[in-house]
Amino acid sequence: MIIEQLDKPVAGSLMQTLPGSAYTDANVFALEQEKIFERMWFCAVRGSDVAAPGAFKTVQVGRESIIVSRNRKGEPRAFFNVCRHRGMQVCSGEDSDGQRNFRCGYHAWTYDLDGKLIAAPNLTRMPDLDRQDYGLKRVHVREWLGYLWVCVADEAPSFEETVLGEVVDRLGEVSNLDRYAVDTLVVGKRIVYNVKANWKLIIENFMECYHCATIHPELTEVLPEFADGLAAQLFVNHGAAFGEDIKGFTVDGSAGVDLLPGVNPDQDRKYYAITVKPQIFINMVPDHIIFHRMFPISEDLTIVECDWLYLPSVVENGADLTNSVELFDRVNRQDFDVCERTQPSMSSRMYTGGGVLVPAEHHITEFHAWHGAMLAS
Amino acid sequence: MIIEQLDKPVAGSLMQTLPGSAYTDANVFALEQEKIFERMWFCAVRGSDVAAPGAFKTVQVGRESIIVSRNRKGEPRAFFNVCRHRGMQVCSGEDSDGQRNFRCGYHAWTYDLDGKLIAAPNLTRMPDLDRQDYGLKRVHVREWLGYLWVCVADEAPSFEETVLGEVVDRLGEVSNLDRYAVDTLVVGKRIVYNVKANWKLIIENFMECYHCATIHPELTEVLPEFADGLAAQLFVNHGAAFGEDIKGFTVDGSAGVDLLPGVNPDQDRKYYAITVKPQIFINMVPDHIIFHRMFPISEDLTIVECDWLYLPSVVENGADLTNSVELFDRVNRQDFDVCERTQPSMSSRMYTGGGVLVPAEHHITEFHAWHGAMLAS
Amino acid sequence: MIIEQLDKPVAGSLMQTLPGSAYTDANVFALEQEKIFERMWFCAVRGSDVAAPGAFKTVQVGRESIIVSRNRKGEPRAFFNVCRHRGMQVCSGEDSDGQRNFRCGYHAWTYDLDGKLIAAPNLTRMPDLDRQDYGLKRVHVREWLGYLWVCVADEAPSFEETVLGEVVDRLGEVSNLDRYAVDTLVVGKRIVYNVKANWKLIIENFMECYHCATIHPELTEVLPEFADGLAAQLFVNHGAAFGEDIKGFTVDGSAGVDLLPGVNPDQDRKYYAITVKPQIFINMVPDHIIFHRMFPISEDLTIVECDWLYLPSVVENGADLTNSVELFDRVNRQDFDVCERTQPSMSSRMYTGGGVLVPAEHHITEFHAWHGAMLAS
């Protein structure tokens, strides 16, 4: 399908959404936790937030509290945050800059940075307690784009097929993302949003630009083609071009900061966006990356953590990032506002059978098909 | 049954109430939403609150958010507050003084004041999208007594048989209410109460005066026969007479404001009360009307909106309504307080089989029979 | 089993805990309310808090609001706090110093201090309303150790076999507790704790001292043997001896207040603790008693009321109790903190099958067996 086709009338053009209950039923949400968030690769923590050996952050993945950390060699490690003795959360604070081991604060069972049980009171009197068997339960972990991705399932799906596969589908090849060298960038700004809406409403919102003209005046000023309501994600490796007078991806179109050196000429003055299911949005512009991690908390609450990533030199030199950050912060607030105003209608009798999708929203249909397949798996 | 009979001992005089679970079970409440509030006529909004074309209020009717408004001709209109596209609430604020059309703030689907879809981005490219089919879903609406009554069911019951029927049962003929010309009056005062009790406890409280001597000292001073614990509602067209020294229906018995001109001599110096099931109380006194609308929110929370209605000239001239309003405001607070202190006991083992009703409370038995019939229908 | 045996390795030494769902499932909690708290003797109120005839306190026992009071003769009385007419809570405030009767604030049904219905409006017109039948429903009540214990079941279990039986199991004979004359003491301090944890976590914590070295530095200073992680409750009538330089059971080991005169030489300079299932801990030291009552509110919330009891003369003379109270207040806060940090893990997949118990925690295994037997009964 090419963009011009969407200009012409299409018979049978309307598709159904999911039924309203998919967004309000606590049982559906529990199934999503089990079959999606606790089974797939989940982007949990920025690697630099746990830079040193023994530094950790605790993070909610599905229904589990997970410790994300590094061992003595600096390798990423992740564990269920549950002591193997009586279950207390081994890491209680939200984070730490670095510690030698994980010591449970209840009975002092102590684990090394690879999770092995190394000490406990009276341990010598319990010969049948194997220190390896009673180590902290490991969680699959992998570092990519400077983030620590975890999978709490016993068997992790192929990272290449799932995570990288989404990048290939969108950009043609992973090298088109690699050029941004996201892992070398640093967090210039982080904003955490509490969104009172189902996580799928947020994904669906991100998957179409039919709403852009209505709610995103600043964004459509910078990216004029977005005013046509046609999502930038429609075409393999299509980037949305900046407007003629636009100097940078900023709230007022003023110049941005230093360009990312790997960006190639095709990518300059363009905006690309990728959705990595189930919970990541990556937005690429020539001088920074906007990286969203969603943490679904309940059927009607989602926490979204958004990082603005820049060249280390830009951040170190104290460059003014205000206009740069404010553009997508406004976009986020505009999007999350409509998601929150959509959530209550999901329980209306009028939405029992769902609503409709116009042709420009066809990515949502694919998302719904994926969602159904995951729940049925 | 005449009032004197209640003075004499009656064998088998005690009747059972509903079981406690009827007031605490979320499933019972969901059934009431479906079978009562979403099926019957529901008094939603004072007409003057949506006076101009395009003025609207959003209101909770059963589990639905409903837009109550007027079209260009000033005719009442009501709609499900759900955009036909992706479901967002079309009207997000609680009210507006008047607008030309209803435009969804998400993708700009726009409906005229009769609900017809009149504009949407790229609408011309979607030939199978019939503008009438995708209009805002209409809700039955009718104006009476100066209020807009809605029915969210597909088929509305007869307004005459249900709403007017209740008036006839109580007053003998509708003309006994018509004389108060309630539709011509204006709101002198409105108070909204959040009552942490099941809606049926509030109705049951209103249906008997056995409690009046205990909790309503001001009311029994004005209406001495209420001290006997015999409800004014017992007899067709019976009004409770003011006490001898009482000059008006005020907290201290002082004179009220200008009489409503239609009130006939029989009705002067008397208080009448009607319950219009499922959620309306109308109190009539010679110089004003006290009109309660209940909005059941959950099995243990009910919002009650109470209007004090006077002649337009009284309100325009800035008459002091303090004593007039304070009488029933106190009655309301006294009643809602006992309802809130009754709610917790509904889950006690002692109330599994319910409590008992004395003869003066026999209207409650009729209410329970009606309630059972509605849920079974 | 003697204490030395615990020093040696024991094959098969690890036992399983309950599964995590036992601490998080609302259905399990409802069953516990029904089969444990509403069936057993429940220690509700300090007798001196309802000293005079007609003084009362309302207290939550299982799912019921219970009035605990005294009749004209000063005998303890307890009633369901539910009016027999329409169910309103007869006693709305939390307590009163004394009143002549219980009068429901809704319709003035009035009960004497033994619960008999003595007055109601129009009562003479209701010949079939038997005043005894419609009295406040009595609850079993018994005074022991200066507390009023109630049982809301129709048939109360034997107080001797259940409550006193626990004391015998722990101390060998009831006289070892009687010597403290707990009923003659007075409340020098009361602290109420809201603990966001299941009640069983609190009991399990109290049943083992394996955690003492880790979280109770002040307590192990006073009671050195606690640092070994061996619970004082392991042996019939075993008391934990104070450290050599410890002058009293205080936060800094300084001297306490006047000794309880009945304490015998074996009991001096020792700490004893008893768990009386399902909700009482009694801590005995030579100069005071620390008495915990737990009120389980939901599967993840427990209110703990803790009394520090001293000789009347000590309290009357205004002795400084700061160091005395602070020791166990710290112990309480340390314990409740780990309970609150354990509660979230109970819903982790890692705790589906529970955790493990080391030999020093074997009392918890017995508690779990008792718990299973109660729920199955």
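Order of writing sets the chain letters: A, B and C. Residues in each chain are counted from 1.
Quick note on the criterion: a contact is a pair of C-beta atoms (placed from the backbone, for glycine too) under 8 Å apart; a residue touches a chain by one contact, two chains touch by 3 or more.
For clarity, every value in this text was computed on a predicted model and none was experimentally measured.
With contact taken as defined at the outset, chain A and chain C are each touched by B.
Both copies, chain A and chain B, contribute mostly unmatched positions to the interface they share, with under half of the numbers common to the two. After Cα superposition, the angle needed to carry chain B onto chain C is 120 degrees, rounded to a multiple of 5. Spacing of chain A relative to chain B, judged by their CA centroids, is 48 angstrom. The multi-chain contact residues of chain A, meaning those touching 2 or more other chains, do not exist; every residue touches at most one other chain.
Residues of chain C touching chain A in their complex: 6-14, 17, 20, 204, 210-211, 213-215, 229, 338, 341-342, 344-351, 354-360. By the touch criterion stated above, chain A contacts chain C in their complex at residues 38, 63-65, 80-89, 92, 105-108, 121-122, 124-129, 134, 137, 152.
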